[in-house]
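The chains carry the letters A, B and C, assigned in the order they are written, with residues numbered from 1 in each.
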Amino acid sequence: MLMASSNHRAARLDAPRLVQHPPLLRATGLTKRYGGRLAVDNVSLEVYPGEVLGVVGESGSGKSTLLRMLNLEEQPDAGTYTLHLDGIAGQDLFALDRFDRRQVQIQRIGVVYQNPHLGLRMRFTSSGNVAERLLIAGERSFETLRAAARESLSASEFPLDRMDDPPRVLSGGMQQRVQLAKALAMKPALLLLDEPTTGLDVSIQATVLDTLKRLQREREMTIVLVSHDLGVIRTLSDRVMVMRYGQVVEAGLTDQILDDPQHPYTQQLVHAKL
Amino acid sequence: MPLLHVDQLTKQFDIHHLQREIGVFYNLSFTLEAGQFLLVTGVNGAGKSSLLRCLYRTYVPTGGHAWYASQHGRVDLATAADVDIALLRQAEIGFVTQFLRPRPRVSALELVMEPLLDAGVDWDAAQAEAESWLDSLNLKREVWGAYPTTFSGGEQQKVNLARALIAPRRLILLDEPTASLDRLARESLVERLTVLKESGVAMIGVFHHPEDIRHLVDGEILLTSAVMNGVA
Amino acid sequence: MTLRELTTPQQDYSYGYLDTYAKRELRRRTLKAIAIPGYQVPYASRELPIARGWGTGGLQVTLALVGPESVVKVIDQGADDSVNAANLRRFITRMSGCGTTTDTLQATLLQSRHRIPEEVMQEGQALILQVPDPEPLRAVQPDISKAAGMHADADYGQMWLGLYEQLVRFKQYVQGASYPSLVNGRYVISPSPIPRWDTPKLHQAPSLTLLSAGREKRLYAVPPYTEVRPLEFSDIPFQVEDQRGWVCKTTGAENKFMNELPQADGTAQYELSDSGYAEKLANEVAPGATYFDDQGRFYVDGFLKPPRRPA
């Protein structure tokens, strides 16, 4: 019954007619099973260049697993995933061998995790954390690495006089900025954000969100943002996908999902929050 | 071909936890040409704002069509793909609400510049245009660099108007734009709207003081309360 | 004719101490290591009458290769006369009947801990280094199977990151020994803790180098005439230890690797680390060509670049 209503709504919308260019990200039928549990169940999504897609849902809804698959950290049990970019357009990224997959992951995709321990080497310098991506990509000039680290860190509004401090001595907000700078270092086409501001003080959260917003505009980045915080979603995303039990229950424009949710679950989620 | 042809448009809300459907309006039809100004009238609760939101797709229409002749072809706003709607919002259709959602740490001026920056206008040109708008709406120059979170309702409304109207549009939806404005600001807003209308921009508006814009109005859409009426 | 004469005389040990199967395995692993320069080949490390960590890796390779005609030199930190080197040498000769020498150029098998001799080793000679930890990725990836995956992917970004960190913090490469080096353009090795001074000596060496870790049960090789490049940023060249002005107190030699002998008054005296080379100088025997000449120039022209420090 629930699924019927959401399917009904999804099927009612036309295919894109005005937007002619292909989506940057296209994933179809993503499915991931952990033992007997379906973490992600036949999820498909498309994200267009320069667009921010929000993914909301409670913990356990499968949104983080979905993001890990999009970051090529995790292989799905079924599904395909393409990025419309020079050199890899049309290529199912899950079908790549480990080496090529890693190249795509490093050169084309940036990621910011909720927990900075997942994304950063806490005892190395902050600039080193940023430079690592370039090192892996084969950059061998120390001066170039320094310049690139400086550029990325200042783009994420990190104070440059602390660029050689290790993340473990930095505040949570600063750690997220280092993660962001690291994610931006290779100027990726796709940025994945997994609860990037959860756990930060509200005022710090606001400034980090501002930085993200500004970067998104300046660099025309395509972003998939996972969050359970509807405020964060409203601030950053153009469109929203609502997940529950590994399935997409509803998708739509952000203001539409928040102001006129169709699915019972989304209504409950939105009304509980606002 | 009219710019907008609304055909049998219907909106009702399904409130699942109440297991209720609340009707707003049923089978509404009208057309709008470029450069026309339609005033939406009706008693409170008749669904005036809901109509505008349905056309902007903040609300999903329950039935009917809203054919819009965009620069890239004709689409039904009721069923167009989300990305198409997003494109139209960026390039063709503007919405002026009563409420501003200011973001902390973004100055009033930057907030107004944003739609232009999003559309690819360079920083200096966007700044000049934003300053001209804030100036004509009588927002005090000394608060341009401040964060609108701290502004009064009237000041926020001015920022909001400037932000909503700054980028070139073909269709503008106005939801009580003058509600909390002082007389001076109302006058300069009407002046701006007149200029826009003359340049061919179509508008649909809900106004708290319709007398302000009476001279601009080409027609009215009268909404009678669906609940009172039953099904039309 | 007695029964005793007809039977094979009872021996306490196989020739070269290790049994035939152990030697066969070691030789096969060694061949594989030579075939894939820099790749760490696992082997079954046998029990020996010395404790693991005292050179059992090098000793097993030596015992697998040694024959009665071999001439063996064993050094420990460059010295032939240290207790450990003397013990190993005596054990090897007793088990194999081979000859011994302190002259680098006379040795067919040269087992060493932590040094490569100063004189250029020649074709036909084998240098066997004792290795405590063969895995360059150990510090960055404690999980062995993940580290193996990183080697397979040539994923050495973290090794480079380590050097980046050194330059940021100390304005120079500070890794003293086991300086990470790329072998044949493919595998990064952590050459047995030889000082940076010795690392370039592996590059295009005419001799064979075998590196074996008994406790870690892995061995790898640098075959003759193989590219070995220390990791270095294009704008900050790798450098060996700066020992300019250090003069050997007994031989007066310069520009060779020195041991520093701290004096009671806070100063230091220096002495050649390579005792075989020092012995030749003391006895006025003309030594062979050395990797670093008396002006400190390295024998492969252009391999070591002039120093530069990050701004």
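In this text, a residue touches a chain if its C-beta (ideal position, glycine included) is under 8 Å from a C-beta of that chain, and two chains touch if they have at least 3 such contacts.
Since this is a predicted model, take the numbers as computed values, not measurements.
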{"item": "For chain C, the least number of touch steps when starting out from chain B", "value": "2"}
{"item": "Chain whose average C-alpha position is farthest from chain B's own", "value": "C"}
{"item": "Distance-to-centre winner among chains (Cα means, whole assembly as reference)", "value": "A"}
{"item": "Interchain centroid distance [CA atoms averaged], chain B/chain C, Å", "value": "78"}
{"item": "Geometric centre distance via CA averages, chain C-chain A, whole Å", "value": "48"}
{"item": "Approximate Å spacing (C-alpha centroids) for the pair chain A, chain B", "value": "31"}
{"item": "Parts of chain B lying in touch with chain A, wherever the complex brings them together", "value": "13-17, 53, 57-60, 70, 72-73, 75-76, 79-88, 101, 103-106, 114, 117-118"}
{"item": "Complex contact set, residues of chain A against chain B", "value": "9, 12-20, 48, 51, 203, 206-207, 209-210, 213, 217, 234-235, 238-239, 251-253, 255-256, 259-260, 262-264, 267-268"}
{"item": "Interface residues, chain A side, partner chain C - complex", "value": "98-99, 102, 121, 124-125, 127-128, 131-132, 135-136, 140-143, 145-146, 164"}
{"item": "Touch list for chain C against partner chain A, complex", "value": "149, 153, 155, 157-158, 160-161, 164-165, 167-169, 233-236, 310-311"}
